[in-house]
Each structure stands twice: as structure tokens, then as C-alpha cells.
């Protein structure tokens, strides 16, 4: 058991604090012979990187990844490839501004983990949130980039589908729109609405929640396992482990509570000699095992608790106080959660691919 | 890694199929010296047992638990106590009606795991759903009863809070109502409404989804861990592992997507010399670690897919067909999910109590 | 992590005390579709069963195994087969003689785990050794029988190679002799010598240590993993986990300390177009990975501490005392360790087969 | 499960190849609040460092450790302390001599893991042995230094007790001698004999095996667990995971095979009001649980296979060949295994301390 590892056979172990020397992860269990360079990883990190638009934190971090181990190249390999040994990925922290942390050292910011970390550990690296900083998710994205290498033929895409009360219109859904706006929004019209809405949030020094959807296409039927190795269980664990995540659903999700058995069960017909489901309320998973349909997961991200409006709190030594969290924060931290959600999907699927192969063979 | 185990330091490993010889679980890691008899477990099993009302399946199972190991009594112990060695709990299957299963042997019931089990394993005990039957949850309830023994001073209660479109009115919430109706409903008025509504569902041979809420009071601040050992992550994994579960949320959950930072962050004030939160949007967990507030989890249960209306499907050998699932099924399987949700909460908390103690000491 | 589980992907979790209701294990991760009946398992249990000769304990136990789950048979399967779900194997305890345990309840038998169990747990099922009884090894043998099903083409055999100071003569080694004597001895001459020697031990109420050797043939090159998933590491863990085991060695083992690099390194030559090692000091494992040669493991079993000569000890409440352990004990417990060692070899190899397949594919 | 992690609750995950960018490890599960600086770790690394005498490899590596995460210091902490989050330790590889590796790229060195790595992975970083290099053990020593911080009051010491056929005389045992010779030898007379003996080995370009003994004093009674969490089982796994290790024994070890029950069982008497064992054949462990006596483990290290005498081998493409391994190798690699064995002892004990505390409290 490790509180800083995710996955079983394809596993990442992450380390590092927001303002320490470096963050990173060790990827273990990766099959050998997969082409892997730093550039393969960097592209995904750049999507998550802060400061890409005015809607995300203005902290400046290069988030430059370095592969320390687990790859090799000579004239007989197909470029640089994985060797099957652990791949250590390191990202040095460059924006360690010397600043005064006495405020968050002594006061518990409501909504943040300051109080609970102190309750647990009695000591806390409070600089920039330390280990509880969303900065840790860069390690997930780096690990997820390696996981994608294992998932040949599988296509993982994420989108922001709700910002505050404003949802995308699914009739407008166009995956190509994702990269045309700073929100990973698949609905051009919603993106435009969100821009205005988030300008207001940002200017008032407030923040707002959001919902992320991640879809994996091309997953064969049969991955996952019944009972406690359910694919949806592990996806749920994966998405809930993301900072600020408060809810997860698969397929129809909470909506399934309102459906009858007739409405909910996805009917099947033979099409071109193969069973084909006629709807996907299941989100691609039945009894914990993939059905071959798209795997569809959504998770809710709460608003960041770093806001300019004073909030009531207490100090570490038990005095009432008020606190304003200044600094370079995300008005909607859900935006940057999109590439993180994709990475977690990739990590779960890579792990389950190996777990399936172990018990069943290819 | 085990696909049939749940938990790390306090762990259950379950076994058994719906119509096999027996089901049960091995509870490992239990501290020694805790008073434990079969009667302590039986009470919880009886709450989950089928056939308690016309709103649950009429299958008749005694669900009589037998402790095979891990307990001991002599004149120096406080009655029968745990010894710290594995506790094997067995429930024999008594209602193994000889019936014709050829229909579900050859046809994939939409919404059920028939298709995916076959896709994975190539062989399947189809009698009564085999391993994918909700019958497996009896093992969870048995294991959860042992977990509660570890959680002295912690109070775990579950309720059904939504049936189809009908939610409880939280202003009417009364935990004492839970046992006054066959739905574990804390709102007497909603219970009465549900009775009518579910009569209609039942008589039409249909089924409906539901939402379960589980609350744990008395959990000290500090349990859980950051990053991949988050308490909410493990609760999410626990609840999503329950049969038919499609969604999980903690505290404000999906509602947090619509909240601003000001609304969402729970403010703190000193009360009687101790920090006290003034709201609980966090559901008792901040940064993956318990805050000392009530831990609040909800999960959505889809309608059972066993219904009397014919659904389109295919046969195992690739022919279009229609299927009706006759038998003794639950019109709202969410009802019996309430004690199961409580058990999973107990299992997660017992595990995290030991995990916390390991790293931090008491 | 589980203190009562062995293996990762092919895993057993054992339960039960010597004089409780039943002992057994849950086998998890077994591939589906393997023919498996109780008779397949019973044969191995019978080899380990007490009372087979005057050289083992006279306790009478039928050791009749019952499969509670994880298998299925219909007209389309090849007899009864595994389904890929957990296989629970139960052996009821039948020889629970009502006897007076007050002696071992209050006195710590030297060499036994009485003192350390009390130091750890504060409570102890002392009847027949409780959980520390060698009876637990029946569960290993049962689980090992299932593991063998996974190891098609691999041949696992064990032998007793030393009893007290008397070793087998390797020039006389004949695997066929194994079943011709009550010692699993491959050297007819040694077997005859041991018979006399052990008669003396037995009659004097004493006991003696032994060395067991287990060999696996047909393991392909490539199983295992470097660093902390070494095949020899897991074999070492497996053999040391057997009751009374005090030492393990692979290939040349402790003898390698006296060898030079020239003597120790197994040279290679092409034979019939394939690399062939010219000796096997490595015991079939290089860098933690199988080389395709026979895998050779030995482990030492200490003499049972239950003897008729009085030994100095203390009581649970801190008084000096003397103790004689009457009862039906093994003069050389190493004999019955042979089938147990074979089972542990099978469990390690089945696990590593699946672990290899997970990362590398077939 | 991870093939590159060791331990459960106190766990290291190592990474890196001999001639890659860096090696290191992530230490997870460390309790918070322990004083820890790079200097605390460096001292142990220096003991293992190559080039300390003519009896070890002349490779020059500074082995300078850098703590990347998991520690914190402010004016309220007791210097720099652990925070309970993962501690990443990195050692950059500085001696990456540009050299011609074509020989070991194409030829399988007998006794090395070249053949088996290729059989498993199909690709291999052959430079300096890559991942199979003993250089990985620097990560263990670094992790072990952190483990010692958890083991307040426990004293772990290692010694070389046999080189080739030459054993120490236990009557001469003096722990203070350990640092007076380049062999970690506790017997001054043996050290002098070994110096001559190893000069011969070294000059002839040969190598020789050895036996290491590691002793832990001050371990309380009660650590470990029965059946598959035995303290001796995990020590056995730990020591066998060390490069070149071929055998492990606890207490009397293989010698127990020759003992009678009377000789082997350690008798007990009350001394100063506490139970005291009168001998230690058990090596401090009974039934897998510590007895409070010294824990005594020995392991055999085979001679390094890198020698100057030509050995028969084959090429990767299946041709017979001869091979000489030039380079800077250890005539007796067992010497540098002493601090590695100590580190593995510390890692096992720190893990078991936390495992014990989880189940039992304290």
C-alpha cells in the first residue's frame, strides 16, 4: 500500500511539493520497447501548464520534464524506447518566489487542506500549498503521457462541460472546438458565454466550480473485473483523487436514479455481425467490465478556495481571524483539470490492460 | 493486488456465487481483543436480507452467518473475542431453486453483466447472476459489521434520499424514521409517497433508480491521506464498487460545480475552545483528510435491469432476440443498497483508522 | 497488504486455526477455463496428511477439501472448470479432541510461538497451536494444487535431502524412489539409514531438523523481475514463510560463498541451435529472472519443539517452570514439509507467470 | 504490486540505471517530524561507496545524495524534518565514462543477467549493467538511512563473516573492529588473513563469494505477523533481493537441520522479573514474530561474474564465443554488501514497526 502511488501493474508514485526542489513521478510496470521521449510527455504538460490564458493562474512555470531513467537508445532500437524498468520523470520547480508565507502558515484557509494537514501531520510545508498544491497534478499528466503509449488504438479526450450553472449544449458538441477556446469547451457558443461569465468571476476575485467529462474510445470489451476491481470503481477513485474533485459519475450517473429499468438498460442488436448497443447509459461499463462502447466519466471540481473576499477562520493557535488569499489563483480550476482527467483515464486503462492480460492472456 | 479484496490494512476478500455452495469473506487485519459473535453480524445481515417487504425481491434466504475462524473464548477473555488472525465468515446458499436457466445462459440481458463477463472470461456461472449477483453484498455487510467493532465512538447511518424523481425533503429529516418504513427513508412524508410510487413500479414489472446517503459521525480530524490515499477517493471507490452504482459524491458533490468560492468554503470559528466549521460543503473531508465534521457520501443506484417488458438483445451465438427477465427481482434495488453503503463506509473508515495509526501513531 | 495472503496476481488468502471450525483459503486471480475438481486437490492434500507413517504425527485428520466457489460446469464446459472468480477451499477440522489445554495456556513452550503471540496480540487460541499450527499448511497445499493447473508444462517435485546430519548421496538420486519410502527421499540407501535414525529419535521422544529441496522443470526463460520482484526473492519469501523454516538457498546457495567467479558462473554454449548452460550454480535464476534451467531451492526445517524432555520455561504470569509437550507430534516435521514446499513453488511460479504476462504479453 | 518497490507501509521505490542520468528512490510512508538532512544519509552512502580500498571496484562515484521532497524547515521545526509526504532521494551518475560497450551488448556474460534480461524484455541498457548493476543498492542504502530514523532505540550492525572458505572466529568477535579494516570484519585476525587472500584473488583477476551477517538489537517483542507476514520471511525476501545474494538464514539457519528439539529450542527463565531466553537459535524470531532477542540474519553473496579468465558464452544472435569482462570490478562484492544488508534490515524493521502499530496500536 502506498498513499502516493496510483495503479497496480502500471503504477505511478508521485513526489514533491509546490515550492520544493522538484516534483515528479516514478512510472513502474511499463512494458518494454515503447518509443518514448521527453517531447512525447511535454505536449501534455503544456496543456495543463498555468498561465495559458487569463482564466488560469498566472504563476509562471516552464514545467519542463526530464526523463531520469527507464529509457534507452542504440542503433538497434526504434529511437529511444522504454526498457521495462522504472521511468523517473522530474520537473524542477523554477518559480519559487521568495515571499512571505506567514499568513497561511498561521491561519487555516477555509476550503483548503491547511487545517487537516496540521491535524494529521503536525508539520506542513505551507509554501504554495506544499504537497496539497494542484501542482502535483503535473506529475499525473506526465505519467499519463506514458500510459497513453501503452494504449495503442485507444483515444482519450476530455472536455469542460459545465462552468458554474452554465452547461454545454450537447447538440453543439464538436470535439474540434476543444482547442479553439481556452476552456477545452466542445460547444463554441458555450465557450463564448463562459468567457464573459468567467471575466466577471475573475475580476471580482472570486472563483467558480465546473464539471469535466472524459471519454475513452476504442477500449475492447472485457477490461475490468467484477466486485472490487471494477473499471468504474477505479475510474471513480482516479477522478476523486484529483485535487478539488467532489463527485464522479459514469454514463447516466446520478441521472440513472430517475430512470426506469426500461429506459436505462442499453438494448443490443447485431450490426455487421457484431453485437451493438443502441444507447450508452452504462457509460461503457457493465458489471465493472468494459463493453466495447465509449467509456464516459464526469467529475465535479469545486471552486478554488483562494479568493479575495475575506472569510472567517481560526489561527493555528486557536484565535478567530479573517483571511483573504492573495496570489495567482485559478478563477476556475476546473479548466486545467481537463488534461488531468484525461491523464487519470489513461492511467486507469493502462493498468487494467495489463491486469486483464495477466489473468486472461491477450 | 486482488480483484476480490477491499481495503488495505483492514481488508475483506469475498468469494461466492449466487447459486453456488456458499458465499462469504475473509476479514484480515482486524485488531485483537474485540468482542465478536455471530449475533453481532446477523443483525446487519437481516437489514439487507431479501423478502423483508413487497418492495424488495421475494427470494427467501436465511443469510445465516457462521464464523469459521479468528475468534476465541476462554474464561479469561471478555466473551468471544477476535484474536488478530483472519476471520472467515460463511453464509450458505439455501435457496438454490432448481430452475431452467437456459434463457439467461444463451441471451445477454441488457443492463446486466452477461455480455461483458462472457467477453472477459469465456465462461460464466449464469445461475442467478453468479458472481455478479447483488448477493455478493451480503459478504460486504458481514465484513462491515466487523469493521464497526473497530470504530468505537463512530456512528454510521444510511438513508434512501431519492427514489426515481422523488427526493426527501431535508427539512423533514428524522433519523428515527429510518426504521419506521421499508425504505430506510428519513422523511415520513416521502416514505408514504414512495410507497404509492413503488407499488406502481412493482405492479408494472418495471424498476426504478435511487440515491443513497451515508453519514459517519465522530470521525476524528486527521484520517485519510493526501494525493492517492484520500479518504474521499476510497469512499468513492467503495461506493462505486457496489452493484448497480453509477455515481458518487461527497458533501456538496456535483452541486459544488455551481458554487462560488465564497459559498463553497466552509468558514471556521472557535467554539468552546475548538475550531468549528460553520457549514459542511466539504462533506467532512479537506485535501483527502477528515476534518472532524460528519462525513457525508451519496451514491446513485441504477434501476435493476431485470424487468418484465421485453428488451432487444442478442444471443451468445450472435442472433437478434428479445428478452424478458422473469424472477423475483427488486423494483428498487436502491433500498437494499442502504445497509451495503453503511458497510462500505465502515470498511473504509476501519482501514483508514489503521492506516493513520501506522504512520502517525495514536 | 495482507498478513494472511501470499502472491500478487495469483494469490491465496488463508484462514483458520488448528482446532477451530475449519481452515482453508481463497484463491484469487486464477485464469478461467481450467479443469478443476476436488479430486485434483485431494491428491496433494493426502501427501501432506498426518498419520501416513510412524514418522509423522498420529493426529487423524481426513483433510477433505470442499470447493465452495469459483468453479462451474454445464454441458458446454470441459467438465468442471474455473470461472476466473475467487475459489474458496474449505477443510473442516474433524479431530478436535476435547482435551485439557491448561498447560500450554499458561506456559510458554520454548521454540514455539506461544510467547511471541501473547506479546503481540494479548490473546491466543492455544488449542493445538491455533493459527501457528502447521495445520495451516494444508491450505497452502490446496492452493498450490490450483496453481499447478496454471502451470501447464511445468513439473514441480520436492525431496527430503537431509535429516539431521545425514544427507542423501546425490549420485544415488532417483526421483522414482520418492514414493517408495515414507520420507520423500530420492536415495534408497539414505532412506533406509533415516528409518533407523528416526526410529531412535521417535522412541526417545525427541525430534530432528531436516532440509527439503524443490525443483521446477520447464519454466521458460524470462519469468521474474529485477530488483524487488526477483523470482529467487519470492521463492525465498515463500519457503521462509513455511512453519519451522529457518534458511533458504537457491542453486549453489551458501556454497557460493566458497566459489571463485570462474567456478560459479555457468558457462553457455549453443546446443541444437539454442543457448544451453553447462552447469546450474545459479539454480535457474539470473538477476532475479528465470534462465530456462531447472529452478532449484532448498530450505531448512528446524526440529519441532514439542518433545518429551523437560525444558525450562516461564509461565504467562512470570514464574519459572518446566514443560514437557505431550501429544501426537512429528519426530521430523521436515518430512511433511516436502509437499508444502512444492505447493509454495507452484504458488510463486503461477503468480510470476501472470506477472510476466501482464507486462510483456505472452 | 510493484517490481521496484520494497516494503508496505514504509516503502521505497527505486529507479535508475548504472550509466543513466541518475538513480534514486522515493521513500513513502515515513512518519512526520523526524529530523532528516542529506548529511544523515550521506554517511551511510559513503560506507557503500566504491573505491574505498583496493578490495572494491575502482569506479569513482561521489554518490552525493540530494533530497528533492518530503522535508521542511522553519523556525518552529526542530531543524529540517520529514513532513509525512514522499521523500525523493536522487543520486546523479557522474562517472559515465564514454566507453565501448559493443562486447557486452552482443555477448551474454555468464553469471550476469544479460541473457535473462534479453529473454524477458527484448531490450536492455547494457552500459555498466544498466538496471541490474549493484549501483542500484545505493538507493537502498539511502532509503535505509531514512528507515533508521524511524527505529529510535534500535541498533543495526552488519559484518562480513566469511570470505571464500575463511570464516571469522566467533571467539574473536569485536564490533569495534568493524571499522578498523576494509572488510567490515569483526575479527582482527581474520581480517588480516582475508587481506592476503583477497590480494591473491584480485591480482589473478578472479573473484570470490562471501557471507554477510546483520544483527538488530533492541527490537521489542511482538513485531512481525504469523503465516505470510513473518518477520523472518520479509528479512529473507529483503536479503535475497540484494544483487548476487543466493542464500539467507535466520538464527541457527541451515544448522538447525542438524539439531535435536532439545538443542534447538531456546529455554526461558525469569531474570530481573522479565522472561529471558538462554540461547538464540531462533535468531530473535518465533512464529514470525520478534521475541525481543537480537535478530540475526546471514546471507551469502556469490562471487562477481566479471573476471579476467575467458568464459564460454554465446552471442545474442546465437554464436558460440568466449568472453572476458574487463573493467573496474569488485574482487569480493560481499564487502560492499554489508551496508546494503544493514539498510535492508532497517527497511524491513521500519515497515514492520508501522504494520504492528496499525493493527495493535502502541
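All chains are identified by letter, namely A, B, C and D, in their written order; residue positions are counted from 1 within each chain.
Keep in mind that, in the parts below, a contact is a pair of C-beta atoms (placed from the backbone, for glycine too) under 8 Å apart; a residue touches a chain by one contact, two chains touch by 3 or more.
The model shown is predicted, which means the values in this text are computed figures rather than measured ones.
Asks: Counting C-beta pairs in contact, which comes out ahead: C-D or A-C?
Replies: C-D
Asks: Suppose you list every residue number at the chain A-chain B interface; are over half of them used by both chains (same) or under half (different)?
Replies: Mostly the same residues.
Asks: Taking each chain's centre as its mean C-alpha position, how far apart are chain A and chain C in Å?
Replies: Once rounded, the distance between the two centres reads 45 Å.
Asks: Hey, how far is the Cα centre of chain C from the one of chain D, in Å?
Replies: Computed from C-alpha means, the inter-chain centre distance equals 27 Å.
Asks: On chain D, where are the residues touching two or more other chains?
Replies: In chain D, 1-5, 8-9, 14, 29, 32, 84-85, 120-121, 131, 226, 355, 360 touch at least two other chains.
Asks: Quick check: in the complex, which residue numbers of chain A touch chain B?
Replies: Spelled out, the residues of chain A in touch with chain B are 1-6, 8-9, 14, 108-113, 115-117, 119-121, 131-132, 136, 162-165, 201, 206-211, 221-230, 232-237, 239-241, 243, 245-270, 273, 275, 278, 281-283, 285-292, 300-307, 309, 311-314, 318-320, 334, 355-356, 360.
Asks: How about chain B: which of its residues touch chain C in the complex?
Replies: It is residues 1-5, 8-9, 11, 13-17, 20-24, 26, 28-29, 32-33, 66-70, 72, 74, 77, 81, 83-88, 90, 105, 120-125, 130-131 of chain B that touch chain C.
Asks: Can you tell me which positions in chain A touch chain C when the two form their complex?
Replies: Where chain A meets chain C, its residues are 1, 9, 29-32, 84-85, 226, 354-355, 357-362.
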